[in-house]
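Two complexes, one shared chain (chain A), two partners (chain B, chain C).
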Partner chain A sequence: MRASLLLLADSRLPAGGHAHSGGLEPAVAAGAVRDVPALADFLRGRLATSGLVAAALAAAACAHAARGGGAWAALDAETDARTPSPAQRAASRAQGRSLLRVARTAWASPALDALAGTPGGPHHPAVLGAAAAAMGAAPREAAEITAYMAVTGPASAGIRLLGLDPLAVNRALAVLAADVDAVAAEAAGFADGPWAELPAASAPLLDLYAERHLRTDLRLFES
Partner chain B sequence: MGANHDHDPYAATRPHGRALRLGIGGPVGSGKTALTAALCRALRDELDLAVVTNDIYTTEDADFLRREAVLSDDRITAVRTGACPHTAIRDDISANLDACEALQERHPGLDLIIVESGGDNLTALFSQGLADRQIFVLDVAGGDDVPRKGGLGVAAADLLVINKTDLAPLVGSDLAMMGRDAGKVRGGKPVVFSSLRERPGADEVAAWIRGVLHDLAHEHGEHEHEHGRERERAAAS
Partner chain C sequence: MTRGYTARAAVTAAPGAGGAPRLTRLRSDGPLALRQTPDAVYLVGAAAGPLGGDDLELDLVVEPGARLAVRSAATSLALPGDGESRMTVRASVGAGAHLDFAPEPTVAARGCRHRAAAEIDLAADATLRWFEELVLGRHREEPGRHTSRFDVTVAGVPLLRHELRLTDRLACTSRAVLGDAGAAGSVLLAGPGVAAEPHAADGLAVLPLAGPGVLVTAVAADSAALRRLLAEGERRCRQAAGPAPTRQAAVAPA
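The block that comes next holds the complex of A and B.
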């Protein structure tokens, strides 16, 4: 893998990810996740649903950007259609805005410039895909990074929120690695197809958690 | 003006550049919000102002500022820091940049944005990409050996404020020693003592900010002047 791609996947990338738990904080607040096995289940569920959707969107965005990537409105609408919770839409756009700022300072690309015109800021998977394309990466690689981040973000939130053993969490992620690869491969298969046929797996409980989280008084994470 | 313009889309919107971004950091409970409120009251009639708070867990600081009505609600934004206050002001400043840019969009004439950090330890430091200048606030009751211990915030902040001097006799803190120790680690950068309880105006800090803005406007003016002269020379040749 090229070093630029590693930068994009690095949790130290200053793109705002550290303040998002991917729905883990409300899951912890609801008592649904208390230990490492429950976290591993949460991550598996998230990977198979919103992880797959985001990875496919990123793969499609990468392919679109590689073709020149001027018009983004349709993919933006497809993303909204697959993100029923307004709280999750806002979180995705917030992370998309932050990632776009980082990407545009590091990698020149007309497709990234075009994304800057998205009202409310572009969705996160679209920016991930376009950023990957800007460094010459393939849709498969954009999907891999997106699927990987779909589990590593909430995992590190779990360490902070519950004081989980970081070695045990890392082992859970290692066990999940083959699933991450499989989801990325499946997602990459949609890169060049019609956007309307991108996967639309849903996770209603995550949607509910996201909405409930916004109305919580005490919370550490944006989402 | 400012340290880092690379990712700043607003550099050219005002004749003197975008708003000055002032970070206020310091340990939990040292008086950062009290100082922010005091500065808003002192400066709001002469400057176009806004505030970003980095609350640890709640929106308490933002709520306090709104309750005290030091600024209108649309000039106060709270960001969340995912359990790591120093990450949000140093390693990954994106949520704060986003908040600053949204404020600047809403109020294009802003002169000053105060960014209050979440309460943190002595190593906290604002990134140059976020804050153009920074103030570190210490609490006299937090121990009079703190300035001697130094730490990035105490040593590197542009202004060190040693607050709650009213408590010094009660907790047996030696203010003169705190001042001397701070001077040693700070290489001549300014230190002021304050008691926001007894003197809620924060006059010296407000004066320091006026000085910073004045110096920057002056620098900028000279810059413009030079550019003008270059243009004249180019036109003449």
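The block that comes next holds the complex of A and C.
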């Protein structure tokens, strides 16, 4: 993996990823996650559902950008259709806007420029995929980064929210690493197929938590 | 060679007198037996199942201006058998038409390998009510492998693509996905004028989609609690088409 891809996956990338817990904060507020085993269980479910969907969308975006495609409105509609929760759509667009700003200052790409015209801002997986393509990465790599971020973001949020042992959380992530790779491989398999057939695995409880979170007065994370 | 059923059933509804549809096609096939009643077309289930190896398809066409309600007489029970079972429903709803699809629940029994799919194509001003309930195993039973995929387009634009995968037990019982729920379900209301405020409560989410529709999803300990949650979610939605309250939405099972 080349250094620019590592930059894209790095949590220190100034794209505001630290402001999002991927639904973990409302799960903690609901008492569903209190310790490291519960966090690992949460991450496994998130990876298999929204992680898979985001990774597949990012892989498709990467393949599309690499072909010089410009049908971003169609991919945007496919993303909306797989994101029934309005709170999650808003969080995805907020993260997409932040990442796009960072990516466009670092890597020149007509695809990233085209995404800037998306009403409300582009969805996060589309920007991840287009940014990966801008540095010559393959759809599989875009999927790997996206699946990886689907678990590492909430994991570090767990450390901050619950004061969990960072070593124990890191160990849980290490156990999940093979699953992250498997999800990325599955997601990348759809990159060149029709977008209608991209995975759409849902997580009813994540949807519920996302909506509940927006109506919470006191919160540390945006989502 | 599989010993399962291969069945292709179909209904075509045209506008009829007094709001009831005129059925220009009503084709039963194998386990998919269809009967017309004054209020709906019923799937009466001429055989147990679906069993592994069954490949069932139901094709629904609601012609412009027509209204069709589809119900079922009984729960369907996905059972193991000779390979994977499949149930695919395809629906096309024409301009100004309305489809209300609300069968009784599907129970994913231990060892089943069932794949449910629904592909719905709505005209721009068509309306839809699509009600689905899945019970995760019979009494104190772990469910088998059940996947469902639901694809809805409006004038060719995707409105909702939604899968529920019960394939990896650890992933689907995750506290991010279904937790320890015994039943999960959803109602999609789609069409011009359908609206709701986003809402989340214990086990219930009311989700206004980016396109013209609202998805109500619920998870519950059992099917009776699930139906109460879905009915509450549906009451929170404004339905432009204003279909009369159905037997299903109004009555929770005993």
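The working rule: the second predicted complex is superposed on the first by the 223 of 223 C-alpha atoms of A that agree within 3 Å, B and C clash if a C-alpha of one lies under 4 Å from a C-alpha of the other, contacts with A are read in each partner's own complex, and residues count from 1 in each chain.
The rule is simple: a contact is a pair of C-beta atoms (placed from the backbone, for glycine too) under 8 Å apart; a residue touches a chain by one contact, two chains touch by 3 or more.
Because the structure is predicted, anything quoted here is derived from the model rather than measured.
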{"item": "Touched partner set for A:102, first chain B, second chain C, both or neither", "value": "first"}
{"item": "Chain B versus chain C as contact partner of A:41, first or second or both or neither", "value": "second"}
{"item": "Chain B versus chain C as contact partner of A:140, first or second or both or neither", "value": "neither"}
{"item": "Touched partner set for A:157, first chain B, second chain C, both or neither", "value": "first"}
{"item": "Chain B versus chain C as contact partner of A:21, first or second or both or neither", "value": "first"}
{"item": "Touching partner for A:220 - first (chain B), second (chain C), both, neither", "value": "first"}
{"item": "Which partner reaches more residues of chain A (counting touched residues only), chain B or chain C", "value": "C"}
{"item": "Shared chain A contacts, counted only where both chain B and chain C touch the same residue", "value": "none"}
{"item": "Chain A-facing residues of chain C, complex", "value": "149, 151, 157-165, 168, 170-179, 184, 198-200, 203-211, 215, 217-219"}
{"item": "Of all residues in chain A, those that touch chain B in their complex", "value": "12-21, 94, 97-98, 101-102, 104-105, 157, 160-161, 217-222"}
{"item": "Chain A partner contacts - residues on chain B that touch it in the complex", "value": "6-7, 56-58, 79-84, 87-88, 91-95, 97-98"}
{"item": "Residue numbers on chain A that touch chain C, as the complex places them", "value": "23, 27, 32-33, 38, 41-49, 77-78, 80-87, 89, 196, 198-209, 211-212, 214-215"}
